[in-house]
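Both complexes below contain chain A, partnered by chain B and then by chain C.
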Partner chain A sequence: MIRDRLAGTAPREAAPASAPRPPWRERWFRYLMVVPAVTVILFVGLFPLVYTLLVSFQRIDLVEEDTRFHGLVNYARLLADERFREALGHTFLIMGIALPVELILGLLLALLLLERLPGKPIFIALLVLPVVISPIVAGSAWRLLFDNRFGPVNQILSWMVGEPLTILWTVHPRYVYPAILVAEIWQWTPFMFLLLLAGLSAVDRALVEAAQLDGAGYVTIVLRVLLPSIRPILAVALLIRALDLFRLFDVVWALTRGGPGTMTETVSIYAYILGFQQFETSYTAALAVVIVLLLSLLVMLALRRVEIAR
Partner chain B sequence: MNRRRMLRTTAGIALVAGFATAASAQQADDIAVEAAKRYRGTEITIVWEAGLQSLDPLNFSGPLWEKLTGIKVNVIEVPTAEMFTKILQEHRAGSGAYDALNVIPSWMADLVRAGALEPLDPYVDKYGYREELEDIAPVYRDNQMKVGDTIYGFPDDGDVFVFYYRKDVLGDPDIQRAFKAKLGYDLPVPPKTWKEFRDVACFVTQHTGGKPYGAAFFREAVYGQFMFQERFRVEGGRFFDPDTMKATVNSEAGVRVFEAWREENACMPPGVESWGFVENLAAFLAGDTAMTISWPPYGRWAAGYGTEEQALAWVPKSKIAGKVGYALPPGGHPQLAAGFSLAVSASSRHKEAAYLFIQWLNSKDTSLKRVQLPYALRDPFRTSHFASAEYQAKWPDAPAYLAALQAGAVTGLLDLSLIQTDKYEEALRQGISRLWAGEDPKRILDDVAAQWDAITERVGLDRQREAYGQWAAKPNAYPR
Partner chain C sequence: MRRSVAILVGRYIGVSFALVFFLFPIYWLVMISFKTPEEIFAYPPVWWPQSLQFGNYWVLFKDGDAWAVWNSLVVATTSTVAAMSLGTMAAYSMARFRTGGDRFAMWIISNRMVPPIAIVFPIFLLYVQLGWVDTFHGLVVLYTAFALPYVIWMMRGYIEDVPLELEEAALVDGASRFQVFTKIVLPVARGGLLATAVFTFVFTWNDFLFALVLTRSHVTTFTVQVTHYFGAQSNFWAKIAAMSTLGTVPVFIAVALLQRFLVRGITMGAVKS
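Entry: the complex of A and B
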């Protein structure tokens, strides 16, 4: 019997209908063990959220510190705040362009480097470099690159057109968005590339070979075999980048500080100006709560859509 | 008998005179050091602007104070843009983390309203500092020291805009001849009005083909807003109607300034709209521009003073040493842009020790050493600094440089200071960036005025009117 069990051939005993409950001491011990972790999580994660919610119903700003309950006054002001709506619009505009571009470029690079290429590890290491740079440093570097007096971008463009060019990338309305998008896409396409390359590398080669035997071309294999196989990874990559783009601050701050005027002001920049420059504590809290709600909605919809939640 | 009485009287007078001399010999710095010795072993923390500014307490004054008194000074470096917020946050938290503070004078009213600053009058009297305060140049002493009738800070930095011009370019006989032939009057060295400035700048640019350009300024909105505040008032502008508190920044004077800026840019290097402090400095020191306006360090660095220091390695080597003239900006009323006052935090647990430190820093003798530190950014702010033979010997044109600073310390114009000043300044900064984006000046300024009115309404019209009234009543709020 023992031999049979070791060999895994003994018939399995029927599982009891319900396992006997452990004695209460053991149960309490288990709970006790998780209490520190849960406390830390509650303190670190939930407390700031609850506190922010509380402050959003008060009236704390530079001038007064009125901690009485003022109802939805800050939320009502937020609804009427045109600058907030514009900031949301700018944020979604950047997200709407940067996200698909990063996805397409990242995917193309991943497909390219999926094949065996000479010097592939070096290429990958070089491609990943922008991701490891702090975003504010990347933004400052791009500001210098775009600088009219010292930057190489205008210099190279001038050589190309054969006459001196003065393009004020961080000043002129026509160029500020392209400048922001170039910097943002440059920095984060490699992140998309890395995730997608990892996903594509894990696809069962047998599926690809089977498709090839069935006469499928490269594009068909990519669209019908590879992409469906990495759908969950694709979804996670998009979700992470979408959330990052929604919180976009550093690159825009370094390049334009939200200008000209408020033309490139994102929600995060607006929140920073309100909270840390103008000390509108309660109003900024209301704005933060709305952003959290918006992001939670976005995440929930995305998770449901791609069925990762399961 | 008479002789004996005379001898006795003489001896008495000599004795009294000796005591008086001994008492007056004890300067404010000595008094502070002696009194501070009883706090030996204490540590105090001071908030200082990050970067070059903080090299003063880190390398010089902090270690020296510790050596003299046994009090250690911790320096918290904070970027300018965050200083106000950090000070206020700390005060609200009541942690007592900061003892002494550097505050920009235009914030003082806001900080006092929030209760963040300690009144200094009792300490000033206790430690006999009132007399030495009289040596601080009038514009700083009368405007940047008190809120109401109470002293909350010691003006500690003579930040004032100076007009810098190339003597060799503007004094070039060929350029002067051609200028007179074209414009019908002698080339003014330096230009005294903004019209003269534009004539000279555009003429030099045309005449030399941009080698050098006639002028350049920092046009980035952060700096531009100071220049706007100055020129707007020089052109006769008023920020508000004092009765209704309606913003009048969109008046004819405001529009005139914006339009003039755009016209002047045509005579400046391409892309000047995006220039900040460093771009403008680099161009001037390289000899690429003939006139500019900036804070006092430009003048020292242009002369090569201190640029051998490791901390100033980033400053381009001056190609124009000995060729720079110093003057008041056109209109004669330079902006007292930013600056710093030393204050004591109301939530400090070492107020007395903190006070003694700032008295010592700000005193005649210590401050004279500090404003001469080649790597630091504190600018002369005392009458005795301007007259210092030691400072005047620093480089050949130093006397002229100090004379320009002293002139600015008489006619300079204060930064606008209201309740929540930064909100008003932010609207103005946005307006300037829109100007460079090509929008219509009148439309921009109408928007700025509308934003200012909305801010005033939120703050409270009566409170803001009172705050504005107090500010506007100061001697250097508007040109007189």
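Entry: the complex of A and C
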């Protein structure tokens, strides 16, 4: 009985009629415990969405404050907005390159440190440091590293090519994306590495040994035994990173602020500029709604994967 | 035998390259904070300073910029305590009574997935009405709400790991449900509790976008302060580096103490190592 009540798994109807009903406080305990948290979560989970939706049907900007219902006028404008489409393009461009690179580098690192290696715990602890740095600090650090005169990146490249280089990494259209990608990949490859290492370490050794007895080479073992075994973790890692890259803001903000011009504007940066620099309140609201809708698709997928991995 | 030695050497070379790539930017940032202006603006760059100068940090404290670190500390600590208290209670109810079922749990976690820009925009409009922009409580409420899904999700997992028998015994002995929660469950789950609290703190501490939108001059956090040093004409290199280092060292220490929980902590429990 107590276990049933404790675990809360048994249906209430199943309790014998003679059993004493738990006191009032006992019955409401479970809900009282949840209510404060839910109240606060609703504050960011429900209110913003409803309010944003409402504002997105109005026409509020810097010059006018028209709170009448204007239908989908802001959404129609968004459809025709070249800058929004470009921002989406920039976001997916960064995602399309950073995600596979982080995955492959992370996997190589994890394979490197999978077997016993003296000093392994220290190496892991050190390699993971970029992940926990604030992204805005990471971006700022790279901006100093990429400095055309006093940064070490140009200096090292100069040694390699044998002549002085002064590349304007964060300004020149040809180099801004490489700069952003390097910073992004630098910070998040260790995240991939950590997840994949955890996954690979949990793979049954017997599987690998059996493959070895069958004469399988190292590459075959990795591709045919190890990778298929960690598919759930691969999915989780990719989806967490994809969600993060979709909302990318900090690193780009630190390096280029979306520039030169609007060349590196991500969706989040465009929304920020619209809302907080151009004060296009209703238009930004519509953009926010669209961002959430776009993401919901990704999220549905992500949740399913997370459940599988649990 | 020779083959295995070659492999070992190869692995060390690979790891060395990785260590240099991933640690050099951190080294460079920290080193700038200890350099003199002449060393910072030297061409070619100075790879290691002649002596460690603490002048850049002294300037941060003298100019009052270090308040930003204090602000971050106050805001992140308060939010963490609030989110941990409310979140752990909810997590206990969900872990032990299946309150709300799986759908409720899914709804909780889906709040974590909304892009921050979509949250902070309407919150800003609301805060303007309430007069909460650039206030401590405004920032704390938002951070608490944003951290709660993470806390609930993580703590639900850690509480489920607590053996049921312990609670059962306490109930038989006449303890109330809330006593069971505070006297049995929390002490047994203290490892997960501490890890979750530290990660919540780190995520809040590291945030930039919320603080950028919701602060002006009164409760500027260190992440916002760092970006103030990038000017249109010139950057305050020494201050950027010193402020960044001040904001990063505590995080490194915290994470170093929690290696065991790291994977579970940053993947929201999706991967348990």
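The criterion applied here is as follows: the second predicted complex is superposed on the first by the 254 of 310 C-alpha atoms of A that agree within 3 Å, B and C clash if a C-alpha of one lies under 4 Å from a C-alpha of the other, contacts with A are read in each partner's own complex, and residues count from 1 in each chain.
One rule holds in what follows: a contact is a pair of C-beta atoms (placed from the backbone, for glycine too) under 8 Å apart; a residue touches a chain by one contact, two chains touch by 3 or more.
Every value quoted in this text rests on a predicted model; they were computed, and no experiment measured them.
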Inquiry  = Contacts for A:276 in the overlay, against chain B (first) and chain C (second): which applies, first, second, both or neither?
reply    = both
Inquiry  = So in the superposed three-chain picture, is A:173 touching just chain B, just chain C, both, or none of them (first/second/both/neither)?
reply    = first
Query = Between chain B (first) and chain C (second), which does A:28 come into contact with in this model arrangement: first, second, both, or neither?
reply = neither
Inquiry  = After the superposition on A, what does A:69 contact: first (chain B), second (chain C), both or neither?
reply    = neither
Inquiry  = Let me test your reading of the model: by the given contact rule, A:148 touches which partner, first (chain B), second (chain C), both or neither?
reply    = first
Inquiry  = Comparing chain B against chain C, which has contacts with more of the residues in chain A?
reply    = C
Request  = Give one of first, second, both or neither to describe whether A:263 is in contact with chain B, with chain C, with both, or with none.
outcome  = first
Query = Touching chain B and also chain C: which chain A residues?
reply = 149-150, 276
Task = Would you pull the chain A residues touching chain B in the complex into a rising list?
result = 62-63, 65, 147-150, 164, 166, 168, 170-173, 259-263, 273, 276-279
Key: Complex contacts: residues of chain B adjacent to chain A   = 81-82, 85, 88, 92, 110, 113-114, 221, 269-271, 273-275, 279, 282-283, 419-420, 422-423, 426, 430-431, 433-434, 436-439, 459
Touching residues (chain side chain A, partner chain C) in the complex = 2-3, 6-9, 25-26, 29-31, 33-34, 36-38, 40-41, 43-45, 47-49, 51-52, 55, 108-109, 112-113, 115, 117, 121, 123-138, 140-145, 149-152, 155, 186, 189-191, 194-195, 198-199, 201-202, 233, 236-237, 240, 243, 246-247, 249-250, 253-254, 267-268, 271-272, 275-276, 281, 284-285, 288-289, 291-292, 295, 298-299, 302-303, 306, 309-310
Footprint of chain A on chain C - complex, ascending = 8, 11-12, 14-15, 18-19, 21-26, 28-29, 32, 40-45, 47, 86-87, 89-90, 92-94, 96-100, 106-111, 113-119, 121-126, 141-142, 144-146, 148-149, 152, 164, 167-168, 171-172, 176-178, 181, 202, 205-209, 213, 223, 226-227, 230, 235, 237, 240-241, 244, 247-248, 251-252, 255-256, 259, 262-263, 266-271, 273
